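Below is one structure. I have some questions about it.
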Amino acid sequence: MRPSGRAPDEMRAITIETGFTKHAEGSCLISFGDTRVLCNASVEERIPPWLRGKGEGWVTGEYSMLPRSTHTRGQREAAKGKQSGRTQEIQRLIGRSLRAVVDLKKLGERQITLDCDVLQADGGTRTASITGAWIALRIAIDKLMAEGAIKEDPITGQVAAISCGIFNGTPVLDLDYPEDSSAEADANFVLIEGGQIAEVQATAEGATYDEEGLLRLLRLARMGCDRIFAEQRNAVK
Amino acid sequence: MRPSGRAPDEMRAITIETGFTKHAEGSCLISFGDTRVLCNASVEERIPPWLRGKGEGWVTGEYSMLPRSTHTRGQREAAKGKQSGRTQEIQRLIGRSLRAVVDLKKLGERQITLDCDVLQADGGTRTASITGAWIALRIAIDKLMAEGAIKEDPITGQVAAISCGIFNGTPVLDLDYPEDSSAEADANFVLIEGGQIAEVQATAEGATYDEEGLLRLLRLARMGCDRIFAEQRNAVK
Amino acid sequence: MRPSGRAPDEMRAITIETGFTKHAEGSCLISFGDTRVLCNASVEERIPPWLRGKGEGWVTGEYSMLPRSTHTRGQREAAKGKQSGRTQEIQRLIGRSLRAVVDLKKLGERQITLDCDVLQADGGTRTASITGAWIALRIAIDKLMAEGAIKEDPITGQVAAISCGIFNGTPVLDLDYPEDSSAEADANFVLIEGGQIAEVQATAEGATYDEEGLLRLLRLARMGCDRIFAEQRNAVK
Amino acid sequence: MRPSGRAPDEMRAITIETGFTKHAEGSCLISFGDTRVLCNASVEERIPPWLRGKGEGWVTGEYSMLPRSTHTRGQREAAKGKQSGRTQEIQRLIGRSLRAVVDLKKLGERQITLDCDVLQADGGTRTASITGAWIALRIAIDKLMAEGAIKEDPITGQVAAISCGIFNGTPVLDLDYPEDSSAEADANFVLIEGGQIAEVQATAEGATYDEEGLLRLLRLARMGCDRIFAEQRNAVK
Amino acid sequence: MRPSGRAPDEMRAITIETGFTKHAEGSCLISFGDTRVLCNASVEERIPPWLRGKGEGWVTGEYSMLPRSTHTRGQREAAKGKQSGRTQEIQRLIGRSLRAVVDLKKLGERQITLDCDVLQADGGTRTASITGAWIALRIAIDKLMAEGAIKEDPITGQVAAISCGIFNGTPVLDLDYPEDSSAEADANFVLIEGGQIAEVQATAEGATYDEEGLLRLLRLARMGCDRIFAEQRNAVK
Amino acid sequence: MRPSGRAPDEMRAITIETGFTKHAEGSCLISFGDTRVLCNASVEERIPPWLRGKGEGWVTGEYSMLPRSTHTRGQREAAKGKQSGRTQEIQRLIGRSLRAVVDLKKLGERQITLDCDVLQADGGTRTASITGAWIALRIAIDKLMAEGAIKEDPITGQVAAISCGIFNGTPVLDLDYPEDSSAEADANFVLIEGGQIAEVQATAEGATYDEEGLLRLLRLARMGCDRIFAEQRNAVK
């Protein structure tokens, strides 16, 4: 029995509101149940120093949780003076995941930053961030193509992410916070439309799992992402 | 002529959506035209070290702009490792303004933090923050009173803020970003329902102003705040 | 009754010792009673990056209190690793106030930094800083003009500042520390010789004040600054 | 063809020198070919604040690369003033991996820190760190048990880690630096003696991979860890 | 020939103004020629955590140069966010030097901090700081004794410091800035009244020196300190 | 009686293992008894900004202790976010000492960084660092000369360092940790082969010392360094 009453392979309601902010070149507010993340894509006509002269662009991600996006208030990282290890880990994952579906040569010498700010958290904020960031990126690149700044589409496919885990001995899809905090194993899958894997991060918590467990989680994730890919296409259509 | 076509004493549309997030004890998303600020009140049963043993509580404010709330992306303060002088100045102002209408003895030994996060900026983010923070605070304290944690209402009145300025020689109410960036004088007024002043910050930009100018701005502010006080009451009713 | 026995509109003794240090292009030690601030103007033939190519100069301020300028020792900001919000707020105010009387085009592509270091504090350190900084700036620019580096005087007027407040219900001029720490309202006025206002920062502490109160404080400030303007002229003559 | 001439399932030479430093409660210098990591276990009779009163201990990891452990010198993190995202990510992984085989209740109210300092790097530093940290931990806990400080062995099993990847289309075991920097996919497996998985981190680089690819890498890792478990047992015997 | 025209064993004029600030328990402004340092002693009824329960006090030093104490303006350490290696080295030296003449048991469980802030620099700021700090400390402790807070004098002697160096092949006493920046060897001596040495820091710059050179510098220092000890006694009498 | 049973003028066993790491241009692991320091020289074809256009190179040192090189674990400076005053003091000393025997003109426009990382500490880590750094530097420069990058040898001599102290009233050579922590005086000498002094840092701890004491320590140091110079020559031969 899942705390939410969902079936093991049942995802939370997904809603996507594109254009949530007006300044960003691409923007959406994505929700997986009570988890809500604002994803903004910013296009800048500059590249990191180490890319200069290569004729390539760059795609990167940043992530933050508003102090009271969580059950109890967390201290602001800007006030602490540094980003936590968790924040940096997630930022790196977002950037890597998006770059898995972008041809940086075709992007040209510009940088796109995907800012993922969690307005409300209920588990799965990093996977919602990746999923929403792809939408914001797609919108921003469509705009660049409409303006003629880019000739050929640099996006090679869709990328989305979902968490799965073993909860009370059962593999379940799309963990919410109560599940996430007591699951025996917790895995985040970043998948690419068509069946390829961009990233797997599977961690045992307390108990461990075996090859069979890993495969069952992967299959749940694939099922979940197929539905997410459809939502993404619908949002940017 | 104002860039927006508004009359000198015409404010932007105000919308207030209470309960925008679910974890905070008080929450609202407040908009003044395209300026949108998420204000969350967090109640914590602890007080700053320097207040211990005084039988009083504390009310404080924090402020941040999302990186792409503005026309061009700003670097994240958490990534820079420190909060800017502007951010700290605004945070101090928010806290002071709210404390002007709270009896800290009646609040008891607890702290309420008002987090004001700017989702989209178009001028007047600090005044929208103060205005929305009062609503979040009111909701949070109503909850504490409903739970019986507080016996007597510690809120002594309503506080709201608005910016005024001299634009092309004319005093105008509720500056938006195009006005703010080219006004000759820029003043933020924090007023208390009933006619009292909590704070005035009036700065000449390029030109200077005289006593008469200051009074005309104050009168505009008073007019504006009267309307805001009504919106606040409506929101928390 | 003021703790010092002064009349409500009576200022403390002002002394100004120009040339207090020898390396700075302009230097003075200014005292308002027991408040003593060392103000040094440094001319550098460089400008901030964002001003490049505009043919303009820049004037900025920095502020610090020596650890034992106060009744009890405060921790050194350099040891804490960051400047407090109060320090940054004051630094920004000093810079803005001085720029209100400088034509940056006429200054040419150079930067003048006004360092205001409080040797001893007894209330009114920020207003003494602005007042002394103008003197240091005037001396530094006179030197640049004498050397022929600047043709036309970039200083358009005199700027000075003074604090006023409501103490035991009475508006008083030039608050010292005992008054400052228990005043009902505290206002800093930055005025320009001739009657214009550069900045007003008026804050209610505990009690609030109304339009009439604000005007009475402004009039006291005007009276005080008239005397300060005379002292400034005398010092740089 | 692997740059080193190794067969796809061939690991590098492993050497383990226990007692490399004398102050640490457990210490070893572990080498996988040219990758050399000094792993020290420090026992402290204190626990993190959030564990107080739970009757449990804590196991955590820290990681650093000496500035010239790499081909070109890297800036010291202490000089930069912060640890990189990569460092923090690895530190968190080391701690999590070790905790997967420790019963924190049996450890009692003490903390063991595993410091993993890379003296020389040639790929696989994080997996060598985990593998060596287990040895240092085992030695430190044997010492605590010999002293009678711990009654029952808190270590529930062996943990080790190895990297695998797809290089030129072929799954290979134990990537060295030349392989790591050009592999199409790179996966780190943290395995537990007996067949369980503690953690999988599999990342596509450029190309992506599918379920079959993930399984082939997992099987290689299992083969590699079986040999590592034997080396660990030999070292602490 | 020394740039200043002084004889090799001739010191600069020394002036000492005690009571330069009013809040500090001990205060003096000390000058060696154009080098001017404000030394304040602050007594606090608390001790560092690692001294608790030992029945001892602590004496420590802090040091800073005002940004424009030097020929060209230096960036404020508080703005840079950290103290330089040079600053920390000098702070440690000041504390060590003063502790060489204080019986920490007799001081009792309190801390005295000697803040040495350089108002104007012309070489020898660290030695002037030590010399002035002793005076401030002496005054502060006299006050504690007069109040009855301390029964027995914890100060065991006088400590003073002076720099010597080899300039154009000649050993000279009390280097000023032009000498300091081009001396072949530069040595700071911290001496105790009566002939003992508290600290020697002698550094070759470009050239090196031998035992004979070191001795000649030490003898010059001894001569200089004898005069300084007299000035100190005179100041606190 | 020394805790180790050594005679007053007896040094600890010295071992030097060159080529300890393979990436650095020069590398050695140096031991003085249980003190072990890894010294790596890194050559970079760049110079600090302030040296540009002078046709000179630069030699600098960095120093760190591994967290568990000491009896009890110390917090990692990278985790604290800053280097301690002690670390910076030692780094500056290492750089200065090496530059005393390098002709920076002959080095050409390149920088050599000497990283000294303490693997195990038992007193005398800074002097071991200087001694080992010279060896790493010699190896790196021999390599540059063999490659023809440098024509003329920029190294003008050998430099080495040793600590001496007054322990139980007796001057002793090469202090180990038990001596270092209870010596009455502690002096570090940096000497140059042939009899010159590069640096003396002599500090009284508790007791003080006189000219005679200083000379006796210097003579011990000279005896010790003569033996070290022979070990250095042997190591790089």
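First chain written, first letter: the chains are A, B, C, D, E and F, and each begins at residue 1.
Quick note on the criterion: contacts are C-beta pairs under 8 Å (C-beta built on N, C-alpha and C of every residue); 3 or more make two chains touch, one makes a residue touch a chain.
Each chain and its UniProt protein: A, B, C, D, E, F = Ribonuclease PH.
Because the structure is a prediction, the values reported are computed rather than measured.
Peer 1: Steps needed, at minimum, to get from subunit A to subunit F via touching chains?
Peer 2: 2
Peer 1: Can you give me the shortest step count from subunit C to subunit F, moving only between touching chains?
Peer 2: Steps on the shortest route: 2.
Peer 1: Would you kindly say which chain has the C-alpha centre located farthest from the C-alpha centre of subunit C?
Peer 2: D
Peer 1: Please decide if copies subunit A and subunit B contact each other with the same set of residue positions, more than half shared, or with different positions, and reply same or different.
Peer 2: same
Peer 1: I'd like the Å distance between the centres of subunit D and subunit E, where a centre is the mean of that chain's Cα atoms.
Peer 2: Between these chains, centre-to-centre, one finds 50 Å.
Peer 1: I'd like the Å distance between the centres of subunit B and subunit F, where a centre is the mean of that chain's Cα atoms.
Peer 2: It comes to 59 Å between the two C-alpha centres.
Peer 1: Could you tell me which residues belong to subunit B and also touch two or more other chains?
Peer 2: Subunit B, residues with two or more chain partners: 81-83.
Peer 1: What is the sequence of chains around the ring when one begins at subunit C and proceeds first to subunit E?
Peer 2: From subunit C, continuing first to subunit E, the chains appear as C, E, F, D, A, B.
Peer 1: Over in the complex, which subunit B residues touch subunit C? Could you list them?
Peer 2: Answer in residue numbers: 82-86, 88-89, 91-92, 96, 100, 187, 192, 195-204, 208-211, 213-215, 218.
Peer 1: Would you tell me which residues of subunit F are touching subunit D in their complex?
Peer 2: Contact set of subunit F toward subunit D: 20-24, 27, 34, 38, 40, 42, 44, 62, 64, 66-73, 76-83, 87, 113, 115, 117, 119-121.
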